[in-house]
Amino acid sequence: MGQALTRSTPFAIGVVLAVLVLVWYAAAIPMNAPWQQGVYGRAGAVDVPFTQFVGDVWNQDKPILPTPHQVVREIWNTTALVPPHMPRSLLFHAWITLSATLAGFGIGTVLGIGLAVLIVHNRATNRSLMPWIIASQTIPILALAPLIVVIGFNIFTGQLGLPPDPARFLSKAIISAYLSFFPVAVGMVKGLRAPEQIQLDLLATYSASPAQTFWRLRWPSALPYLFASMKVGVAASLVGAVVGELPTGAVAGLGARLLAGSYYGQTIQIWSALFVASILAALLVLAVTLTERLVNRRLGARPA
Amino acid sequence: MGAPGGLAPLAIFSALAALSLLRFAHPLPLLADGALAIFGLAVILFTLGPAMPAPFWAGLVAVWLATWLLVDRLSLEIALRRLPEQPFALIIPLLFGVVLLVGWEAITRGAGVPSVILPAPSAIWARILTSTGTLWADLQQTFKAVLAGYAIGCGLGFVLAIAIDRSGFLKRGLLPLGSFVSALPIIGIAPIMVMWFGFDWPSKAAVVAVMTFFPMLVNSVAGLGAAGAMERDLLSSYAADYWQTLMKLRLPAAGPFIFNALKINSTLALIGAIVAEFFGSPVVGMGFRISSEVGRMNVDMVWAEIAMAALAGSAFYGVIALIERAVTFWHPSVRGA
Amino acid sequence: QDALTLQLKWVTQGQFAGYYVAKDLGYYEEENLDVTILPGGPDIAPEQVIAGGGADVITTWMAAGLAARERGVPLVNIAQPFKQTALQLVCGPDSGITSTEDFPGKTLGVWFFGNEYPFYAWMAKLGLSTEGGEEGVEVIRQAFSADPLLQGQADCISTMRYNEFKQILDAGIPEEDLVIFDYVAEGVGMLEDGLYVLEDRLEDPAFVDQMTRFVRASMRGWAYAAENPEEAAEIILNNDQTGAMTLDAQIYQVEEAAALTQGSNGALDEADYRQTVDTLLSAVSPDNPAITAEPEGAWTSIVTDGL
Amino acid sequence: MKSPAEAPGSSAAPVIAAQGLGLTFGTGDGDVVALSNVDLTVKKGEFVSFIGPSGCGKTTLLRVIADLERPTAGTISVNGQTPEGARRNRAYGYVFQAPALYPWRTIEKNVALPLEIMGYPRAERAGRIARALALVNLTGFEKKHPWQLSGGMQQRASIARALAFDADILLMDEPFGALDEIVRDHLNAELLRLWASTGKTICFVTHSIPEAVYLSTTIVVMSPRPGRVTDIIRSTLPAERPLDIRESPEFLEIAARVRDGLRAGHSYEEAL
Amino acid sequence: MKSPAEAPGSSAAPVIAAQGLGLTFGTGDGDVVALSNVDLTVKKGEFVSFIGPSGCGKTTLLRVIADLERPTAGTISVNGQTPEGARRNRAYGYVFQAPALYPWRTIEKNVALPLEIMGYPRAERAGRIARALALVNLTGFEKKHPWQLSGGMQQRASIARALAFDADILLMDEPFGALDEIVRDHLNAELLRLWASTGKTICFVTHSIPEAVYLSTTIVVMSPRPGRVTDIIRSTLPAERPLDIRESPEFLEIAARVRDGLRAGHSYEEAL
């Protein structure tokens, strides 16, 4: 019985979480202390009892490091207690960011796989494109983001006649795709080249077409690489969508929320937006992991 | 100006390009193809002026096609070992880059794109030449953060992967939380890191460390599981202990995955360091320069920085890729290529 | 109705109350205008947006507007709702700074992205190097908030009176503990939020007419906001999609911003313009060339003449 | 029934014709000459066994025939075409020395692989798969994955895969190496029957001298590094070959000759 | 020199003792009984061969002895310990059915692997590696990588790897399957010499009846699914075994008995 409990995943996560929370509370004391001392100093308070001091340090309005219960309370207040369609609700923002993330991740994954396929199958693409794909990732996206907003947004609203919201959504999705296609492309190039020579030779003896070789050998061999890359890619997508919310006018979404929080020094708000974003990321990675398990089971992979 | 007379070379190029269709009936030497492509590129640059007429754009497309053909033929020759790998492996992407730049120059100048939106490569180049001192100082500042953060982030991800691998408890408890850290959005943590580590490069290094940590963790964990069953059994028959199995089998087998992460991270680190500088910095650094110069409408300087970033980043990536080739030479993806 | 797009320099907040009030209360509609307001952000340069055709009219600071004009974006000031300025340098109680004499060796937080021109003009006037060291000042790029001062990372920081300044007060530091440098008082004041359009558009009388109606409605909005700050703040909150704002802060901001429009009917006062240009020209340096030559045709009164 | 013994004498055009064939592998530390100056002619319907010391180039030769390796010297034609042309025409089936089963496919699906690729109609596939698996005695393991099979069973699955489709030429690289004597005898007999009834041309690598003699119309003896052909032995055994022919003097005589060739090859470089 | 024939009779404690051993693999579609009710005793210094149809559980049995697989029924002890204890004490060397060489190591380094792990002094390693490679006739290929070797050469490299270090027990799973007759004879003789001079206990899986008879003091015949031991044959051959002992009547008699056992096993379930 006890064995089963200590070996269960929720228990393990719980213990690790508990340790983290303890460290967190402990860290909050030295980080927020100087400010608290300033307050006491100005108020002329001397000899504040330690318990009160700790209580104050853990409950500042604009702490340097908010404490877990402050963040949890803020998340609770802005999710459960507010209707989800209101801008005050974090769910509202989470959904806006998530939708752009999913769109961007979809585009990025397809693009990444497509590029990898081109690179693996076409000599000229392999030699000429790969270095530029790498170079593209060294361009700081935030520097490019305003450009995407200014030009892209104009094209979407002007030439294509989209209203601002879908145009903004698309701009974000593009940025998100831009960040996520790369890990997928790099991983897939590696994965598509992973089959052993003898496995390729076998298909060569059947004079299999490139498409047949792809679907029957390269694709299944690349799956482990694809899933590892997709986990990185989906996280990158979320970062991209959040980043894309900065220059697009900080209108709505978790990124906008983070930013808005920071304008007004609302650290608790920043941290709760941060947490929701991370929870979102963890869920997305989990979704990829579950898909991986499912696919592995379907393929009858050898249990490790 | 786009005067009709100016288009004469374009006409010559078009005629030559059309003639070169003969190659399908009668193979032309590679040199002829190369000369044609380069001639076309020169013609485009030569005739370029504001408000170009339609034939010019058709010419641009033709030049692009001609160069693509050249690149394709060159790649084939290399594959057949009729051309040496060494200079040409570099020449091909450069050629691609030249076409990209010529197209960019042609579009920005030929279609009159305002330079505050997108400056022409020639303007960017001029800017690079006049600002080498600033660019160099910015590069140094930013790379301090890139290298430190990359080392810390990759190191942490790797060590944690080992810890996770070592202990089933951590695997269950920590791995799910690892993905939690992965998406701590950079714009959220950057201000916090500035708050914690100050305005100078250490706060940027911290951001880079957080960003690069997860790809390394995920790939290392995947890689550590990549060794085959019989290969493991072999070591188990020697009663090899955990660390021996790790060093002799599982790390080498994980090599391709780890390098995957190292490569992805080399670009992530640069983006991270630059973006982190947007959130408070001293008045030097690539990120600082980019964002402040956008505000000053000096977009050519912005692109000069971006060009530097791309160059430095590609070099960084290239070094990692070279090490990868040397270390994981045995992997089919390297052996076969 | 004539469709117009206004690109703001910053996010939706009390700083732009006049425009949001005019839109929500139908003043634009009464002038037969259909106005879309695009919020800005830390990386949106309105000058770039209008150059790319993404807006018909923008709000920006005059120094940035003139700088953009010199770099090939032919911006023209058509109206200047903000007559006063709100930019300040605020030094903390522990900085030991009481006057500009104390600056050498200190760390100062500055906003960049086109907001740094007044600061550099000031330092040039004081003859201080901005490269750091004993004799000069250490400049850091300050982010969005008042944090660097509150956390002691900078001796002085930039604030807008209507925003960051209040955050410092809210954080519990009393005003009398702070040393406040006002850019106008230091003789380097520069005009803030004005309305700018592209020069060639003004050749079209219909556009000029639209702009006249736009400025008229906007000024009505400002006047209403000055009278009813609570209501204006509500309107701002309704237009804010982030849901992160507090009513108190916005009421304060609307009040402060509306105060900046006091005495303005929208028309630019040529004397104010001269002061900005002269200050900029007095501080030309290779590091910070906002403008290097006297601007020509950078403002016009044809829009406000029709009010 | 066609007589295997007659095949070499028949006037059919050669299925495989190699002149002066050579192949050198460039490796990090020096070149390895795997094949050198190999001349070989295989006529239609022949059953040719290749025998030679480990590492002498048998696999390499088969791979050259199959267009999986490019020779660095000499010429070779398969079915009157280049090896590449023959491969594109799906002229042969290949049993590799290692099973090379795809781990993500079940045994059944592994055998189905060539059928899918060559576009055999779906209706036909099931029957072919079942017959091929029955032939190698793997009925009942259709749904297993490769790692759930023993070494010999994996090898049999890979044989079934090559027999499931119709190819004129069969290239088999030590197909029965991991099988016990009884199964091996059974499969030898099956292979002979198949060969006789279909008129396939078979190239067969083996280390077993009795197997080579029992099966072949021609035995090619190779010597190691650089791999060369040292002897070509035409079998004088009759077409009908019951298992006990292996005790006949004729059989033993041929076997002795093969063994001598093999031994000579060994002494050439690798003194044991 | 110790007499192999005497070994079974000696009163030494059993090195391997199994009672009622069973192993069932659970697979997606039903269980596979690989071993069922196996009783086995191997004394110190014995040379035991396992022979049986493909898929009968020989590899599985070896893996159970080596603690690479847990039995689902019965008990087994190795060197008087649990298999795990024996493994931890590095009681045995194992030659797998497939070569299992590490692609990132050269041949030399692959052979060095167990020496590194078991902490042999650096000075001693080079000599051991050279001797082991010479024994399997791979001198000159030290610096090659596995994929640059032929199938048989890879198998020999994996044998060298298992012989490079000193283990009391040798578990060999069809080590000579991919080798030609000459090399095989040579290695058989070498193995016998090694065994005689070191007194190792050897468990040896093979498909070759002559090989089993030639090498062993005891031959264990197994029958397929569920794998059981059907016959245990004690060899009556003398300790000294020249190669031509294989033509002696005694030898042929034992071989016949093994063949019969094998055939019986086959008829049990897999009617051919």
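Just a few scattered comments:
So that you can tell them apart, the chains are marked A, B, C, D and E in the order they are listed, and the count of residues begins at 1 in each.
Following the convention adopted for this analysis, contacts are C-beta pairs under 8 Å (C-beta built on N, C-alpha and C of every residue); 3 or more make two chains touch, one makes a residue touch a chain.
Bear in mind that the values here come from a model prediction, so they are computed numbers and not experimental data.
Among the remaining chains, not one touches chain B and also chain E.
Under the contact definition stated at the top, the chains bordering both chain A and chain B are C. Note on chain placement: the centre of chain C and the centre of chain D lie 84 Å apart, centres being C-alpha means. Chain B and chain D have centres, each the mean of its CA atoms, that are 48 Å apart. A straight line joining the Cα centres of chain B and chain C is 38 Å long.
The distance from the centre of chain A to the centre of chain C, each centre being the mean of the chain's C-alpha atoms, comes to 35 Å. The set of chain D residues that touch two or more partner chains comprises 98, 147. Across the assembly, chain B contributes residues 117, 191, 195, 229, 278, 291, 294, 331, 335 that each touch 2 or more other chains.
Among the residues of chain C, those in touch with two or more other chains are 42-43, 45, 48, 52, 143-145, 147, 151.
The chain pairs satisfying the stated touch condition come to A-B, A-C, A-D, B-C, B-E, D-E. The touching residues of chain D, when paired with chain A in their complex, are 63, 66-68, 87-90, 92-94, 96, 98, 100, 102-104, 106, 113-114, 116-118, 145, 147, 171.
Within the complex, the chain B residues that touch chain E are 228, 230-231, 233-240, 244, 248-249, 252, 255, 328-331, 335. Residues 68, 71-72, 74-76, 78-79, 89, 92-93, 95-97, 100, 117-118, 168-174, 176-177, 179-189, 191-192, 195-196, 211, 214-215, 218-219, 222, 225-226, 229, 256-257, 260-261, 263-264, 267-268, 270-271, 274-275, 278, 286-287, 290-291, 294, 302, 305-306, 309-310, 312-314, 317, 331-333, 335-337 of chain B touch chain A in their complex. Chain E makes touch with chain D in their complex at residues 25, 27-29, 32, 51-56, 58-60, 97-98, 137, 143-144, 148-153, 156, 173-174, 177-184, 186, 207-209, 259, 262-263, 266, 270, 272.
Against chain B, in their complex, chain A makes its touches with residues 6-9, 11-17, 20, 31, 64, 123-124, 126-132, 134-144, 146-147, 150-151, 182-183, 186-187, 189-190, 193-197, 224-225, 227-229, 231-232, 235-236, 238-239, 242-243, 246, 254-255, 258-259, 262, 270, 273-274, 277-282, 284-286, 302, 304.
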